Amino acid sequence: MAPVAIGLFMALGALLFAALLEKISFGALIAPSPMILVFVGSLGATFIAYKTKEWKRVPKVFGVALKGKVPDADALVTTFAHFADVARKEGMLALEGEIGKLEDPFLKTGLILEVEIESLTARHHDMAAFFLTLGGFAPTFGLMGTIVGLIGVLRDLSDPTKLGKGMALGLLGTLWGVVAANLFFMPIGTKLNRLHDSEVAVRRIAIEGVLGIREGMASRILVERLEARLSPEMRKGHTGRAGKSPAAPQVAA
Amino acid sequence: MAPVAIGLFMALGALLFAALLEKISFGALIAPSPMILVFVGSLGATFIAYKTKEWKRVPKVFGVALKGKVPDADALVTTFAHFADVARKEGMLALEGEIGKLEDPFLKTGLILEVEIESLTARHHDMAAFFLTLGGFAPTFGLMGTIVGLIGVLRDLSDPTKLGKGMALGLLGTLWGVVAANLFFMPIGTKLNRLHDSEVAVRRIAIEGVLGIREGMASRILVERLEARLSPEMRKGHTGRAGKSPAAPQVAA
Amino acid sequence: MAPVAIGLFMALGALLFAALLEKISFGALIAPSPMILVFVGSLGATFIAYKTKEWKRVPKVFGVALKGKVPDADALVTTFAHFADVARKEGMLALEGEIGKLEDPFLKTGLILEVEIESLTARHHDMAAFFLTLGGFAPTFGLMGTIVGLIGVLRDLSDPTKLGKGMALGLLGTLWGVVAANLFFMPIGTKLNRLHDSEVAVRRIAIEGVLGIREGMASRILVERLEARLSPEMRKGHTGRAGKSPAAPQVAA
Amino acid sequence: MAPVAIGLFMALGALLFAALLEKISFGALIAPSPMILVFVGSLGATFIAYKTKEWKRVPKVFGVALKGKVPDADALVTTFAHFADVARKEGMLALEGEIGKLEDPFLKTGLILEVEIESLTARHHDMAAFFLTLGGFAPTFGLMGTIVGLIGVLRDLSDPTKLGKGMALGLLGTLWGVVAANLFFMPIGTKLNRLHDSEVAVRRIAIEGVLGIREGMASRILVERLEARLSPEMRKGHTGRAGKSPAAPQVAA
Amino acid sequence: MAPVAIGLFMALGALLFAALLEKISFGALIAPSPMILVFVGSLGATFIAYKTKEWKRVPKVFGVALKGKVPDADALVTTFAHFADVARKEGMLALEGEIGKLEDPFLKTGLILEVEIESLTARHHDMAAFFLTLGGFAPTFGLMGTIVGLIGVLRDLSDPTKLGKGMALGLLGTLWGVVAANLFFMPIGTKLNRLHDSEVAVRRIAIEGVLGIREGMASRILVERLEARLSPEMRKGHTGRAGKSPAAPQVAA
């Protein structure tokens, strides 16, 4: 959760600090009409393209983005190093016992992995697209608020004091449209896409690991092959992993 | 129909509520000239690129988007579980009788499926592109309205009262351009593309099911293979489907 | 020609009607300087990227877009049904006589079809890109006109009457830029791309038909295979086509 | 050179003519500060992403775009018709003498052609991207100039005469940003990409020609195969080319 | 480092020079609130999508972009020419001694090269995307600053002197957003992507070189094949490289 919270704190803090420096109270930026228009309006426009069943998945997905728990590629390589050793020394039967202890349903089946990744990609992209679509609609709804505000102001130009206040209120629409898109919706959509990429990368390691063990590949060679998918500073080689058997990484389904 | 109606109600409601909060009557947002310009103008510009035969398909496609009826992947898997059992126990002849009861013409042929999906994709994308093109043209026609309005105002600056009213009227062009694009055209185009994706996903299950039954695959294995294309919470396994034979899902052609 | 004319009439009519409703005469929208700037300027910027030989092809291509004549996929399927029957009953020699009667050079060679489609695609996309590039440049040249107009106005703010008229004139630049792009250049470019897609779809039917006849495929099966590329309502089956032999469709080269 | 010069003349002429019609002297559009900002600024921002070695290639590439010399596909087909005849009648040895007379280094090697095209594409796209990146940066640097100008104006609103002149000067930034991008950088980048496409098309003819001659293909068939890559009006058949042997086309490396 | 420094100097210098020419002191462009908003805000919004572990890699990557050290393709070809000679004359064993002297870990393994390039591409693109995402957020945070400033100004229109100064301050937000994006974030992101392309090109030469030596290819032929990936002016042939054995190029990992 930390990175999301820190990032959000920085972005929102910078906005409030800038308002403070220009002697604009936070209250002056809060107004019900533009906030309702931007958040409810863009949610509505986005909902049109999604099924009710998918709406219900949004809060859970939002939580996934907040936690940002990424599958642990390093632990997975160590697990496969262990598996390869067990398969060699104690036979496939002993290995099946080990695998039975895993919690990740993905690793258990290990059968139709490529199709799983394809179907998982379609599901994840749908949910990331939900937030990116929201982020696309938000500024246009903010713009609607500003135009409506301007229309209200321009219809009666007799009182110049009202003119300024009306335009200030109108501009809040644009502000909240931009804030909603760039502080909330876009970063969350981008985050979900990146979480998905990390997950797929780990699953590709798993596929290669399963294939390697089936071929009876030696632990040392399997580790070398799997580590080619890690960044150089994460590579420990077989000796750095021997004898350790961490629990297989938990992956959000 | 529900999701589209709720989404539209939320988006439009938010806009009207915001106007209400800023004490702008709904009537002030209604004006014939910008509405005609935006809707007729962008329809005209879009029609240029479409054949008369395709224009006629638009209202039907619009209805498809409103209903949002998506093919039932779950029922299809159960149907194939049933088919695999019939084929095994009663032979291919009995299966043909079962298939004759289906209503979906797509499943009946089952022969040249890949080409069908290709040709279906071209047809669907044409229709989604129709609404997305509309959504692309609408704001530019709104902008034309605003510029024309501004030109009218600027040519006679002598009466400041008229100035404000003229500019308010002019801004309605931009407002309706943005509203038409973001409340109607873009969400419908996106919806049609997503409906297409759902349909293709189900048709891919059908292709794999037909192939599996031709190979004489066991019901249990076929279900496992087809369910890899469903999300984890939809997977019931063979036992969850045995003995049930829902009607094959209806799919909008 | 009808769809293009109707579309253009709707779009242009909506613009003029909106101007009329706001009591702005059509004459007020006509001014030589922004029109010259937008049309000549964007043509010039586009010409830079095209060879003189390609410039000369533009009027012909423009005519193709206006007529919008699309190859008749239906007639082509019937033709191939007829060809398959002739080949079966009267032999390949008789078929060659039939083919000699065709006017479409594309069907005559039937040899190096895939390369032809590739080279045809490159040529067509070049011409569609010509109009889409024009549509990309037009608004920026309109903007130049507006900025130049504003600069002229701002340099002498002493007479407020001239201010309004100058700004109105300046805005005509933006108006004509948007009109030229969205009423003329973009729709024509899109139309050309769509005409190309229709033509390629028909040529793919032709390729499959030629291959089918060479393999000596039965008329009934050939029709079924070719009709998979038509939309469901266009499928008549072999019985709906037997005995009819329309002239092969004319296709703009 | 002609098309580039004519295009540039039309675009620039339209701009100056529009200024003239609105009674704005050309001198009023010339100001050192926005021109320096736009040209030097966007060059600087683009240089950051390019190596010094690549900077030096820019003037040469600029010249290539100006000349717009495109390889002559027609002459190449005739050359290969001649080569095929020589190879048949006088043998491969005589052909090698003919090839020795060619000037194009590309045709001489004829060995590792596919890799050459790949590496040539990377080099050419880098250079086209240089001008397209310039065209992307130019309007933003123009915008910076306008904002800086506006800030200068707004800090002292006491003298309304200065206000107008300051804003006019500020707008020159936006004008020059748009002009630099749309009259110079974008068209040149597009031109370079199109020149590259033409060159690759010709090189593909050359690859097919070399392969055809190696296989000992008859001149008549080779011409038919190569002409499938030309537009219909350029196809002369073998008889239209027999006995002519133009120099192989010069291609800018 | 030179190209980045020169480019930055040109872009920043042009901005300051333009400000100077319009008699705006540099101090007038410096204000804490827009600068904090743009830099801290867009960093925060970008951090949301990145893991803490990735944040830490940013300064190192920034240094890589500044240095812009690109792998030396020329030296690599010469090295392989030398290797091929050694392998032929002194045998594979002697060659292994030579390879042991290399510093680049990439060349040492030479085993699972394609997967390495894939995983390297994912890592590099993540880091380039970091700066490009920053560059996408910066102008929107600048816009927020301008809107907040305008709101502050419009709420009290009584003092026209304050109006101008407030708007000037507000515009600094937009200015810094555009400057941060176009002078810093975008060029650095583009630079990183181009550095990556150069590195991959060199690694592809290395893969082909390793394969060539394993096949026992003659030095002369290997050089010809590898040089097809260099630009024509870099090609020296075997004679231009014989007897020289530069250190293998250093490549940033």
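Per-chain residue numbering starts at 1, and chain names A, B, C, D and E are given in the order in which the chains are listed.
To be clear about the criterion, a residue touches a chain if its C-beta (ideal position, glycine included) is under 8 Å from a C-beta of that chain, and two chains touch if they have at least 3 such contacts.
Computed from a predicted structure; not experimentally measured.
**Student:** Would you pick out the chains that touch chain B and also touch chain D?
**Tutor:** A chain counts here if it touches both chain B and chain D, which gives C.
**Student:** What are the chains that chain B and chain E both touch?
**Tutor:** Chains in contact with chain B as well as chain E: A.
**Student:** With over half of the numbers shared counting as same, classify the chain B/chain C interface as same or different.
**Tutor:** Counting which numbers both chains contribute, under half are shared, so the two copies meet through different residues.
**Student:** Starting from the mean Cα coordinates of chain A and chain B, work out the distance between those two points in Å.
**Tutor:** Roughly 26 Å, centre to centre.
**Student:** Chain A to chain C: how many Å between their CA centres?
**Tutor:** Each chain reduced to its C-alpha mean, chain A and chain C end up 42 Å apart.
**Student:** Indicate the residues of chain A shared as contacts by at least two other chains.
**Tutor:** Counting only residues that touch two or more other chains, chain A contributes none.
**Student:** Using the definition of touching given at the top, classify the network of chains in this structure as line, ring, star, complete or other.
**Tutor:** Contact map by chain: ring.
**Student:** For a test of understanding, state which residues of chain A touch chain E in their complex under the given definition.
**Tutor:** Result: residues 2-4, 6-15, 17-19, 21-24, 28-29, 68, 70, 160-161, 163-165, 167-168, 171-172, 174-175, 178-179, 181-183, 186-188, 190-191, 194, 197, 201, 224-225, 228-232 of chain A touch chain E.
**Student:** Going by the contact rule at the top, pick out the chain D residues touching chain E in the complex.
**Tutor:** Contacts found on chain D: 32-34, 36-37, 40-52, 55, 105, 111-112, 115-116, 118-119, 122-123, 126, 133, 137, 140-141, 143-145, 147-158, 169, 173, 253.
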